[in-house]
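Following this message is one structure expressed as structure tokens.
So that you can tell them apart, the chains are marked A, B and C in the order they are listed, and the count of residues begins at 1 in each.
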Amino acid sequence: MSVVTNRALLLVAIVLAAIYLFPLYWMYLTSIKTQSAIFSVPPQFLPDTPQWGNYATIWELANIPRYMWNSLVIATGVTLITGILGAGCAYVLARYRNWWIDMALFTVLMLQVLPPSLMVTPIFVGFSWAGLLEYPRFAAVLAISAKTLPFFVILCRAAFMTVPRELEEAALVDGNSRAGAFVMIVLPLARNGILIAALIVFMQGFGEYVYSASIIAENRLQPASIGMTNYLQPNQVNWNAIMAYAATYVTPVLAAFVILQRQIVNGLTAGALK
Amino acid sequence: MRRVLQSMRDGIGFDTMLVILTLSYLLVFAGLPLIYNVVISFQTVDVFSLGTLMHPSAGVENYVDIFEDRQAETVLRNTIIFTLGSVALQFTLGFALALFFHQNFTGATWIRGLFLAGWVMPGLVVGVLWNWLLSGDFGVVNYVLDGLGLIDEPVFWRSNPETSLYSVLIANVWYGTPFNMILLAVGLSQIPEDLYEAAELDGANAFQRFWTITLPMMRATIGAVIALGTIFTLQQFDLFAAITQGGPAGSSTVAQYWSWELSFREFDFGRGAVISVLMIIVVLIVSLIYVRSTKAETQL
Amino acid sequence: MTKQIELIGIQKHYGGFHALKDIDLTIPQGQFVALVGPSGCGKSTLLRSIAGLERITSGEMRIAGVDVRDLPPRKRDLAMVFQSYALYPHMSVRDNLTYALRLKGVSKAERAKAADKVAGIIGLENLLDRKPRELSGGQRQRVAMGRAIIREPKAFLFDEPLSNLDAALRVRMRKEVRGLHERIGATSVYVTHDQIEAMTMADHVVVLQAGRIEQQGPPMELYDKPANRFVAGFIGSPAMNFVDGVVGEDGRSVTLSMPGTPVVRVATQTAPGRAVTVGLRPEHLIVGPPDADGAIQARIGAVEPTGSTTYLFTEGAPELLITTEGTARHRAGDAIGLTIAPQRVHLFDPQRGSALAP
């Protein structure tokens, strides 16, 4: 490839990425504009006098700490249940090939695709009978985990497939039990893949909306996604405040993504196509 | 008992235990709801009868109600437009980007990775973001379209019943394109380079190489990507909640949103379950296609 | 000599596939046994069954007198060297070597001492703190061996441990493995598809085919007295020539079905007129002038010099392969006469393949 072509393609790529990422830029830009600047015609495309105070204001006004705490609690709960239940199952599904394993894998794949907005009706009715709605955050965690678990199993299975079987057999001959070989040899070797899958699950739990919105009625216990709609509806004109909220909410997610971009992309594609 | 414990440590019991634990959880929190869903779709379930497991029977009344509802036709049309439109655009844009970034120029992989930033964000935030971008009077999208001479007066994307569905569709295409791109890029990278070299020696031009090598070799990947795109689009809910909430006047309601509205806005869980049952059948059919196509590719 | 490993009537089925058929094998304490055969013959399955990595369907299996049929690998006290070495990539060489000791609960100080001692034996004193990925193929191979030695197990199991090494290193390691065995004196079971490895290293060679033991015995016995056509063709390199023939009137000569219908004298007395398969090892055929008395008349079709040995291929069917020492004096097209000592001619039943005893 000639230098000129290389440069030209790079330039086009940068322009495409800039167009695609413009909404994110616009979010951050709007979040630091004044109330009058967001409604200026033509719009300002560069920051003028950054209003960092918008963040402080919305932090207090929209109860962000409380909402973010609830999001963290839910995401942590989901990640724990998913990780503990999912890793072992993924390992077995990666280790063997027979009719039973194929059926289990098929079941997992099928459960992965059920839309939460459709599953929430029977889950809500069932949970209210079982009295689980008394513990709304816990109930939401249970429901969300049923959604993330199949996904996690598929991703982790791909990670376990990369661990050669002979290593485990060597450990058995060296004196490990099956459980011991799993914990001491297989888990450490599949660790990176599992951690990335867990991170993805955590991000999903952190941004979850449908189950929380349907199950958690009490404002005090709602996560940041609902907090955002709660703030959005009566304040449709305060776009700088809303964007400051959105930026506060997604910046941790985006930061994690930027740091671990390559691993996240690898983990995801391995799970989706294998 | 000792035998069982022994087997847990050393034998097949260890594997069985691990799988059974997980599958039981899934059975309780996904399998049972799936069945219960069908049951309550034949019952009258409202706020007053919520506390019980079984509710007064409604026969097929819920189903009749749904099919006779004057909203049903709009919802069906919206669901089809939204799904086909999203999948077609996500796939086309994703494939174009994947092909573009497949030319190994400096920084291609890194810049391609940036596109996934959109996709890792919570759906609700993406929705709120597009809600602002597509705002009628002060939205930046209208400003750009006006500047390009494509529109004469502002389009009220969200509040005009004619365009409300498309405002969500645009956001969904933005949200879903990166995933299509990255999966297709993986597929492209798995085609051996020497196939192209052989075709070039045989005298195929770039266009012919695309038709005779890229497309046939990508068949399984394309099938999987379209099926996955359809599944994700049928799962899409957050964008509706954040942009139009199905409105105005139900003009942008799709099936999955309608089901939720009936259950959680009108508290008519029986009718909500009817749509849920019907849509889950559609989703399961699509995923069967997906499982089949991945099976063909990787000998699942 | 005590019996260290005893296998009686071992059967192994994978679903409908019969992988091991009625295996009987007794290995005395301190013996080096090679299991050899073509790929898919069941040699690895047999080794893995001894290790406990596969469950046998039926049969008796005792190690040092203990019935191990239902014991998991960790309770069998065996050490195994894998084809891929199976070194734990997340552990240093030292930790790899002492992993089994750690599982046994040996103290850290004891483990360090054992690691140093074994490192001395295998010559890796300077590499104890490296990770496996920082080692060369030969060094990894040594670590895998060291990991087995440190255990002082009831027996060593080797699963094609040298097949990932290049040819030169393989020859050197062959000697080293054998040397180690002699120094330690432990019972060893060695799986290989390479009959030269089996012949050069083992005290006792077991030839398997399609899940069955075709023959077992000391290496030279297998070479000199193959029990059947399969073993005859498998042991020895290059492989034995096979020609159809008919036993003559006197019962001590065979007429070969090849151009010129030559007659060779044999040491085995058989029924006159009987159809047989004649086995002639390439290295036993002696090339002489074409008019020599009682020689097989042939014409050279191709010559392949390798330096130390020259391969001669005859023209026509069946093609015979002859090896001669040194550089070739012959060229393609030359007429030659081939002779062979009667006691070196092998006879097999053409249907069953079994050897006709001399």
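Here is the rule we use: a residue touches a chain if its C-beta (ideal position, glycine included) is under 8 Å from a C-beta of that chain, and two chains touch if they have at least 3 such contacts.
From a predicted model like this one, the values you see are computed outputs, not experimental measurements.
Undergrad: I need the common contact partners of chain B and chain C, sorted by label.
TA: Of all the chains present, those in contact with both chain B and chain C are A.
Undergrad: From chain A, which chain is the farthest off, judged by mean CA positions?
TA: C
Undergrad: Just the number, please: Cα centre separation of chain B and chain C in whole Å.
TA: Their C-alpha centroids are separated by 58 Å.
Undergrad: Averaging only over C-alpha atoms, locate the centres of chain A and chain C and give their separation in whole Å.
TA: Here the centre of chain C sits 56 Å away from the centre of chain A.
Undergrad: How many angstrom lie between the CA centroids of chain A and chain B, rounded to a whole number?
TA: 16
Undergrad: Residues touching two or more other chains, restricted to chain B: which are they?
TA: Each of 9-11 in chain B touches at least two other chains.
Undergrad: Give me the residues of chain C that touch two or more other chains.
TA: 72, 74
Undergrad: Tell me, which residues of chain A touch at least two other chains?
TA: If we look for residues of chain A contacting two or more partner chains, we find 177-178, 180.
Undergrad: Under the touch definition given earlier, write down the residues of chain B that touch chain A in their complex.
TA: Touching chain A from chain B are residues 8-11, 14-15, 17-19, 21-23, 25-26, 29-34, 36-37, 40, 45, 50-53, 97, 100-101, 103-108, 111-118, 120-125, 128-133, 135, 137-138, 140, 143, 174, 177, 179, 182-183, 186-187, 221, 224, 228, 231, 234-235, 237-238, 241-242, 256-257, 259-260, 263-264, 269, 272-273, 275-276, 279-280, 283-284, 286-287, 290-291, 294, 297-298, 300.
Undergrad: Touching residues of chain A toward chain C in the complex: what are they?
TA: Contacts found on chain A: 164, 166-167, 169-178, 180, 185, 188-189.
Undergrad: Could you please specify the touching residues of chain C with respect to chain A in the complex?
TA: Per the touch definition, chain C meets chain A at residues 48, 51-53, 72-74, 76, 78-80, 82-84, 86, 88-90, 99-100, 103-104, 147, 151, 157.
Undergrad: Mind listing the chain A positions that touch chain B in their complex?
TA: The touching residues are 1, 5-6, 9-10, 12-14, 16-17, 20-21, 23-24, 26-27, 30, 38-39, 41-43, 81, 85-86, 88-89, 91-93, 95-96, 102, 104-126, 128-129, 142-143, 145-147, 149-150, 153, 177-180, 182, 203, 206-210, 213-214, 225, 228-229, 232, 239, 242-243, 246, 249-250, 253-254, 257-258, 261-262, 264-265, 268-269, 272-274.
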